[in-house]
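Report on the following structure.
A, B, C, D and E label the chains in the order they appear, each numbered from 1.
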Amino acid sequence: MNLTPLLVAEILLFPGLTFFVFMAFILEWLERKTAARVQGRRGPVVAGPFGIVQPVADFFKLSMKEEIVPEESDKFIMRWGPPLYFAAPAAGLVFVPVIALSALIQNQFDLFFMFFILSFTTLMASLLGYASAGRYSTVAVGRLVLQYSSYEIPMLLSMIVPAVLSGKLSLSGIVAAQSGHWFVLFAPVGFAVFIIAALAELEKPPFDIPSASTEIVGGWMTEFSGNTLAYVKLTKNLSYVFLSALSATLFLGGPQGPIFVSGAMAAVVLHTFYFTVKLLFVAFLIFAIRTALARVKIDQATRLFWTILTPLALVQLGVAVILGW
Amino acid sequence: MSQAADSFSGRFRRWARKRSIWVFHVNAASCNGCDIEILAALTPRYDAERFGVELVPSPRHADVLLVTGTVNAQMKDRLRDVYEQIPEPKHVVAIGACALGGGVMKGCYNVGHGIDKVIPVDLYIPGCPPRPEALLFGIIKLVTGEPPDRREE
Amino acid sequence: MGRRRVGKAFGEMLRMVWARPVTVKYPFEPAKVAGRFRGKLDIDPAKCTGCGVCKNSCPAGVIEMVKIGTRKVGDREIENRRPVFDLYTCISCGQCVDDCRFGALKLTGDFELAVFDKESLVMKKALKIVE
Amino acid sequence: MDSQAISEIAAKTGGQAFINGRIATITVKPEMLRDACAMVSSIPGLYHLSTITGIDIGEEIELQYHFWKEREFVSVRTMVGKQSPQLRTVSDVLPSAVLYEAEVHDMLGVLFQGNALMGRKLLLPDNYPKDAPPPLRKEANPEEIRRLMGLE
Amino acid sequence: MSEEQDRELRKTGAGLMEYSPEGIMPFGPVHPSLKEPEYFSLLLEGEKIVDVQARIGYVHRGIERAGQDNTWIKNIYLFERVCGICSFAHSIAYSQAVEALSGFVVPKRGRYIRTIIAELERIHSHLLWLGLVGHWTGFDTLFMWIWKDRERVLDLIEAITGNRVHKSYSTLGGVRRDLPDGIAESMKKEMEFIQKRVDYYSELVRTEQTIVVRTRGVGRLSQDAARRLCPVGPLLRSTGISRDVRVEDPYAAYDEIVPEVKTSNEGDIASLLKLRLDEVADSCRMILEAMAKLPEGGYKIAFPRVVPRGDSVFHVEAPRGELFYFVRSAGSIKPSRVKIRTPTMANILAATEMLKGHTLADVPVVLTGMDPCFGCMDRLSVVEAGSGREWMMNGEQLRTFGIEYYSGKG
């Protein structure tokens, strides 16, 4: 892999980090605005037109606040954990094809790297929560790990489905194999399982068990403040983008769309457009589920993942093996 | 830092603070009247989220501490603890007649007359209880009326 | 009663997307308050005689009678008193309004009372006019 | 109301029954209180103990146990001396009395032997001044208590 | 434990917890689940609750004592502020206890108006509670919808009484003002609206699977336990015991506008949801009936400043259950003793019973299930913020427990 200046610019600006951070802010705004709408209110209004820069204001306000580090906490992890935590979804997004059918960086086996990123995000979250040494954080980390151990298997199984269907283990390869027929048509169950597992990964209702504010205060984020909190919140939104992008890539054909044009610029625009639409669609799907449901208990969530979603994902995998064969 | 950059960052900082107000609420021996009005201010009719107001679960995340109720002996230390846990810059809003001066509870043996004897208060919102609109008015006054920024002092 | 399933609220959510939000325009527009709303207490100093009935009827101990001078009735000196209201701790119950025989007190609909300094809510209106 | 049942209980416990409109009062000696309460609560429908009211009436502390059924109240009434008020708990026969007794203990300093909550504060703050009388006693001065607790 | 360790322990937990020296770590009293603060020490085993103890008093103010130093009329405003949610129940319970002492009879119109406001308050309180159940179970959309609808009830209350929360409307001898003109139509409109919404919500809470799994079979209270522990209000009725002060011992105009007592045999939170929604529907019916039957005439009588010597016992059915007032007059302008027993105080024992055997995640649901009103309970005392809970366990223990529990399970 050669790091040319153009590639570096692409990684940092578009369609890399800056673009996805921008998407993270936009997604949070959309989420808040839409939640407000279905609840009969208006949502953010004063920060920018229609409150569109509300998440930005939140982020910068937090980053300019004093940071309190609890005395009992592990200072080293508290200091270096958040950048690592932030890096995980940011690194993963580089492997997602956006402006073309192949990603900025690709590798024959980058699906495995996605597995690693997904686990790493949760691991970092639990490490951060544990390092902050609050009692609520400790309870939350316990819940986080338990929840992780239950949604991980169905999630990974459902991610293997597109790989089996396409015979490739790289995201770009999976996207390329979806021209004309998106995998969601062959693997609707796999898609559904992935979305539900994504809800759990993102700690959104009904699986916001590790951050349930009415039970354990701020969950594993209770002890964070200032800059750390700002980055942790941003990372959560970036994970939201990451998981939406991943499901758009794995099941909805990524930047593929019905109309193709020749010409490099037009192709970039169209691909980006298709990709963004798909990403927003998945984000809305996750969002709609999250708004309409009550939180379940940890034992109920575990039961759901182990006894219903894992067998479903296995069946889907079997079907995919037969189809791909 | 140059003068221009400083004024830009200062302006930006004020802009961000004005538009993102995360509140934490402590009921220091109140009758719930003010508390349900605070909640009501967040619900669709009044929707404080329009102004970037968000109710956060932990004082570590908060910018503004809303205190209702006449603080009693049992809550006094709790209130001070919570206040100290809030990162600077922070503001305290006292809500309701009890929090301002004891209100109708003045004769009771277990109440303090006003929370400003326990923690410094930046804004007072009187009323028993104040309407949600009065709370919105107060919050906006707090952020736009440039209350003392204790960190810079 | 319908069948139990997940996601019963979707229908209503979709409906809400098309319904207008119920959020009031306040503070961009004035608030609509009920005619009877008990807001800030107000006094008409011209009507106040300084009898002190309001002080005795106030459950929150908001009212203090302050001496502002003396007047002569016959050959006796009588103290002139006027009420001072600590409006910050007033509970707006309206008992003083009910008890005032001279109609000097009334509750206005004003509720935008947030202040940075609570002493500015002490209403000394009745003292000034007489001076 | 069964005025007969009431007077029977009064007779059995050596107390006096007095019926005023919808409130029947049985005044008993402190030793008999538990028996009287047990008997009253065994009248069908009267199991509901509304609360225990403690009143400082000068030399003594008056305790009223209010039972309720339909349109009638039955109050079992007793007096204990103010010096070292002690009573046997009724919480073994009426489990719902636990908190009410603890409240009376807090507010008036009456000791209920056998109640699990004795000796700890239920309503009062932990730093309630030790030398101040319980707040509902006549001699307690709210201003003084507030000053001692540092609330001024 | 050394002082240093003690200080160390206090440093974490974002200041939300209290720490007590015996190695017991209670959570609370300031807890973000809004509404009130209460205190339960929960002895946990992993996430499972083994034992519960209540420590109340964070909202204790000393209102009973202050009531002895106030005149009869001022006390209305004081007792009303025992609790912001059932404030009217407090003021009519007190007014009626005093009226019973002096033997004055409130005019019929006054009694009808009291009934109407009391029922409006019940609707507002039940809807508030239902919304909070949504909030506590993480279903914020439900919370927002219900509070949106509840505003319309508050509008009515404000139009009649002049304040959304503390009505200050009942006085000794009747109510302070007559109903405003034209309230009948808007009342009719709003009640029909509420009835429609309540139908929708009861359908929703009964059929939405995620709510059902959180509430069915949770916080079960047996009828035996209910007889033993004497809870009041919906909590008692949910166990199948039909007891409602409004029916058994009618006050105000409840002898003419008769409520339908709803009971259920389940005794769990799901049945409480249904029960309370049914009560809201019934309250709507009663309000409309009362408006239709509203008699002409005075709404208030003049009341003397001095109340004759005697004891008076009175109770009303507040939204949360039986609210009990004992008033003793020594024949002066002040009461010589007022005793208040609020519904939450009676329910707290039952709630601790309900909590046992559940997990931490059920705590908010069960506690809200009984519709706690700690402001009320500590009345005389009062609260703190958020709902507090404490659970007993020191930090280290908790961590070890958590790890063992989860590694065992996961």
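Please note the rule applied: a residue touches a chain if its C-beta (ideal position, glycine included) is under 8 Å from a C-beta of that chain, and two chains touch if they have at least 3 such contacts.
Source: prediction; values computed, not measured.
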Which contact partners do subunit B and subunit D have in common? E
Can you identify the chain nearest the overall CA centroid, using each chain's own CA centroid? E
Select the chain at the greatest separation from subunit A, using centres from the mean of Cα atoms. D
Which of the chain pairs holds the record for C-beta pairs in contact? B-E
So how far apart, in whole Å, are subunit B and subunit E when each is placed at the average of its C-alpha atoms? 26
Per the C-alpha centroid definition, the whole-Å distance linking subunit A and subunit C comes out as 51
So, in whole Å, the Cα centroid of subunit C is separated from that of subunit D by 41
Would you give the residues of subunit E that are in contact with at least 2 other chains, written as numbers and ranges? 14, 16, 32, 57, 60, 62, 65-66, 69-70, 77-78, 81, 141-142, 144-145, 148, 151, 163, 166, 208, 210, 378, 380-381
Residues of subunit A that contact two or more other chains, please. 36, 38-42, 213, 217-218, 222-223, 291-293
On subunit B, where are the residues touching two or more other chains? 43-45, 47, 50, 56-58, 60, 72, 74, 85, 103-104, 106-111, 128, 131
Per the touch criterion, the pairs are A-B, A-C, A-E, B-C, B-D, B-E, C-E, D-E
Could you list, by residue number, the parts of subunit A that touch subunit C in their complex? 36-42, 288-289, 291-293
If we count contacts the way the header does, which residues on subunit B are in touch with subunit C in the complex? 44-47, 50, 97-98, 100-104, 106-107, 114, 116, 121-128, 130-131, 133-134, 136-138, 140-142, 145, 147
Can you check the complex and tell me which residues of subunit E touch subunit B? 10, 14-16, 18, 29-30, 32, 34-37, 57-63, 65-66, 69-70, 77-78, 81-85, 87, 128, 143-145, 147-148, 151, 154, 163-166, 373, 375, 378, 380-386
Tell me, which parts of subunit A touch subunit E in their complex? 35, 38-41, 70-73, 132-136, 138-139, 141-143, 145-146, 149-150, 205-206, 208-209, 212-218, 222-223, 291-300, 302
Using the touch rule from the top, collect the residues of subunit E that touch subunit C in their complex. 70, 73-78, 81, 141-142, 145, 148, 151, 155, 158-163, 166, 168, 176-177, 180, 200, 203-204, 206-210, 212
